[in-house]
Amino acid sequence: METVQQQLAATIRSYHQKGWSPATSTNYSYRENAASTEIFVSKSGIDKSQFQADDFMGVDFEGRPTPAFEGIKPSAETLIHCVLYDFFPETQVILHSHSIYSVLMSQRFPTTIEFSGYEIQKGFGGQTTHDATVQIPVIPNSQDMVEFSKWMHARRSDFSNHCFVIQNHGAYAWGKNLFEAKRHLETLEYLLEVSWKSQLNS
Amino acid sequence: METVQQQLAATIRSYHQKGWSPATSTNYSYRENAASTEIFVSKSGIDKSQFQADDFMGVDFEGRPTPAFEGIKPSAETLIHCVLYDFFPETQVILHSHSIYSVLMSQRFPTTIEFSGYEIQKGFGGQTTHDATVQIPVIPNSQDMVEFSKWMHARRSDFSNHCFVIQNHGAYAWGKNLFEAKRHLETLEYLLEVSWKSQLNS
Amino acid sequence: METVQQQLAATIRSYHQKGWSPATSTNYSYRENAASTEIFVSKSGIDKSQFQADDFMGVDFEGRPTPAFEGIKPSAETLIHCVLYDFFPETQVILHSHSIYSVLMSQRFPTTIEFSGYEIQKGFGGQTTHDATVQIPVIPNSQDMVEFSKWMHARRSDFSNHCFVIQNHGAYAWGKNLFEAKRHLETLEYLLEVSWKSQLNS
Amino acid sequence: METVQQQLAATIRSYHQKGWSPATSTNYSYRENAASTEIFVSKSGIDKSQFQADDFMGVDFEGRPTPAFEGIKPSAETLIHCVLYDFFPETQVILHSHSIYSVLMSQRFPTTIEFSGYEIQKGFGGQTTHDATVQIPVIPNSQDMVEFSKWMHARRSDFSNHCFVIQNHGAYAWGKNLFEAKRHLETLEYLLEVSWKSQLNS
């Protein structure tokens, strides 16, 4: 039986193969359970084509390494994970992607991306019919994690589909386990690609 | 020697890798033989990247679990499979795809998709020359399986190429064994992609 | 040490993964040596995702099964292989592809496809600089192998780059061994894709 | 523990699978350490789908085979590697790609390719923010390595992002180890693809 960190490491390698995490880009995290105050986040600067289960490190809800991991550098975007676990306490896995189509769609729709009428929209938890419009928030990119956190708080009510996009950067998706987080990210990525290609022709 | 359910599970995993079944989407079925009244359909909510031979369950021609599978939830689209086995009694395998190009082409051609002059059209059983026009029916999407079944009956005579497309949803293809069902689905997917790209340039 | 038929079978499976031979489409052949009058060609109707070394059968230069293979059906396009071995006696391997881009480019350039100035043109045997124009003949598609053979004879002098394209069908490439035939086909496929995408933008 | 040549050979095979080195195209090199005057470069004419650790050969800084490799032909572009090791003495690994998007972008931007505002720009060593414009030099293609070397010298000050593009040919990227060289090449390739697709729609 694989552990969650082994399963998540395998997912990361497979997403690298899809082109969602070129070189050392992207970052990922999980918690052992929904009550835990320790977040395991990917270490900084790991080549995602070779990511292993022991390439995670513990941080607290402020993004500081926990005692067993003192002196190791977590991903620069660790605070984004911290804010999401705070917003959605049932969350146990957070995924990130630098996919081409998330970047292209964020250029075209810099505030909100809408999808309407696609069967696969039901892949987002809470969506029960294709006959609806789903809105995904797009947040500006920033190096300043405090500023970025403020933007996340300002759009918090728009995060109901368990994902958001960052301009010219990529996408985040999460869930109460790896299975659900994958479903949310793969649903989003599919919709971003089909929508981008659809409007090429209109 | 692999069993049919092992071969079908391997096919499902390989189609996931092609991007035809993101996350838990799509569903598949087989029958042990053409006289059997038990249909083995994929269980609801399985991640298709990890689909295994024991992720099928038995249902009857009304889509109700057979005694050995009481209490397990079949795919929400089980009734589509039931209708197809009823229409085409020699069918033993049904495949489904959520491919990007089936969705894009269904937006452009919401009733019927036509292909003309492609060598690969001969991949559809009954087509013997590229010098022909092949018509594939496009059905509206619906959550209501009774309504959907009515639309299938209304287009029944258009199903002669062993496949159809659902608007903004995906494609179904079938055959008297896995080999033939694969040939029909891969032929359709190839034609959808090449036709979509061809008209981008015209 | 792998035999040539094992190496060719592995190449066929890898080309299937690239999308160059959906389902049972395409066909391939080799000869044991350049003096041999027996051609080993892929049997009809094999799923190329699972092609094995024993899925070849012997035929003579008229395309008739050799004694050990009586009663087995060779690929429908066997005569194309026979003509090519006759045209180019040093040839020992012939590859075929149903790639999307060969079809798209044949629609746009129904008689001759030209490439100019690409470094990779040097992948065609006899081309020694990128600073040249390479012409690849495009032949109409036909079910009638006798008619098709006449068209091949009419364009014979245009076959100097070891490959040609068939309208709405695919590409053939060949060489004195598998290494060279692969180089010719992969060079052609690369140029077809980059040329198609280049003109989308012009 | 894999050696650097084993790791580099595995990288080459994986880049072939991405379509960055069709057939025998592209070439690669490494040095054992930054003080070494022997460069190990890929031999000429190796199929990159099967590249092995012993497909490298030693050359000196003039591109001549070192004694153990007398009589073996190095890649035709060996002198490009020699110039780069001379320009950037800390370099230990040089990668090359014939990607479709490097060719397409070099057609559109024949002198300099610019990227602005993309998160992934930080993958280039020395770039610390997405909020910048990165310029990548494009060099004309030439068979004449002496002429090509002159062009490299003329643009030397533009090579600060550890990569450059050759018109209708491909891209080079380098680093002080394989990890860094991969990060530079994958960052460049990602940006070339997203920029190409972005401008298709504008």
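Every chain is named by a letter (A, B, C and D) in the order it is written, and numbering of its residues begins at 1.
Operating definition for what follows: contacts are C-beta pairs under 8 Å (C-beta built on N, C-alpha and C of every residue); 3 or more make two chains touch, one makes a residue touch a chain.
All values derive from a computational prediction rather than experimental measurement.
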Contact distance in steps, from chain B to chain C: 1
Same or different residue numbers at the chain A/chain B copy interface, by half rule: different
Farthest-lying chain, centroid of Cα atoms versus that of chain C: A
Intercentroid distance (Cα basis), chain D paired with chain C, Å: 31
Where chain B and chain D are represented by their mean Cα positions, the distance between them in whole Å: 44
Residue numbers of chain A (touch at least two other chains): 200
Touch relationships between chains, expressed as pairs: A-B, A-D, B-C, C-D
In the complex, chain A residues that touch chain B: 14, 117-120, 123, 129-131, 179, 182-183, 186-187, 189-190, 193-194, 197-198, 200-201
Residues on chain C engaged by chain B in the complex (per definition of touch): 19, 22-25, 47, 49, 98, 100, 103-104, 107-108, 141, 143, 166, 168-170, 199-200
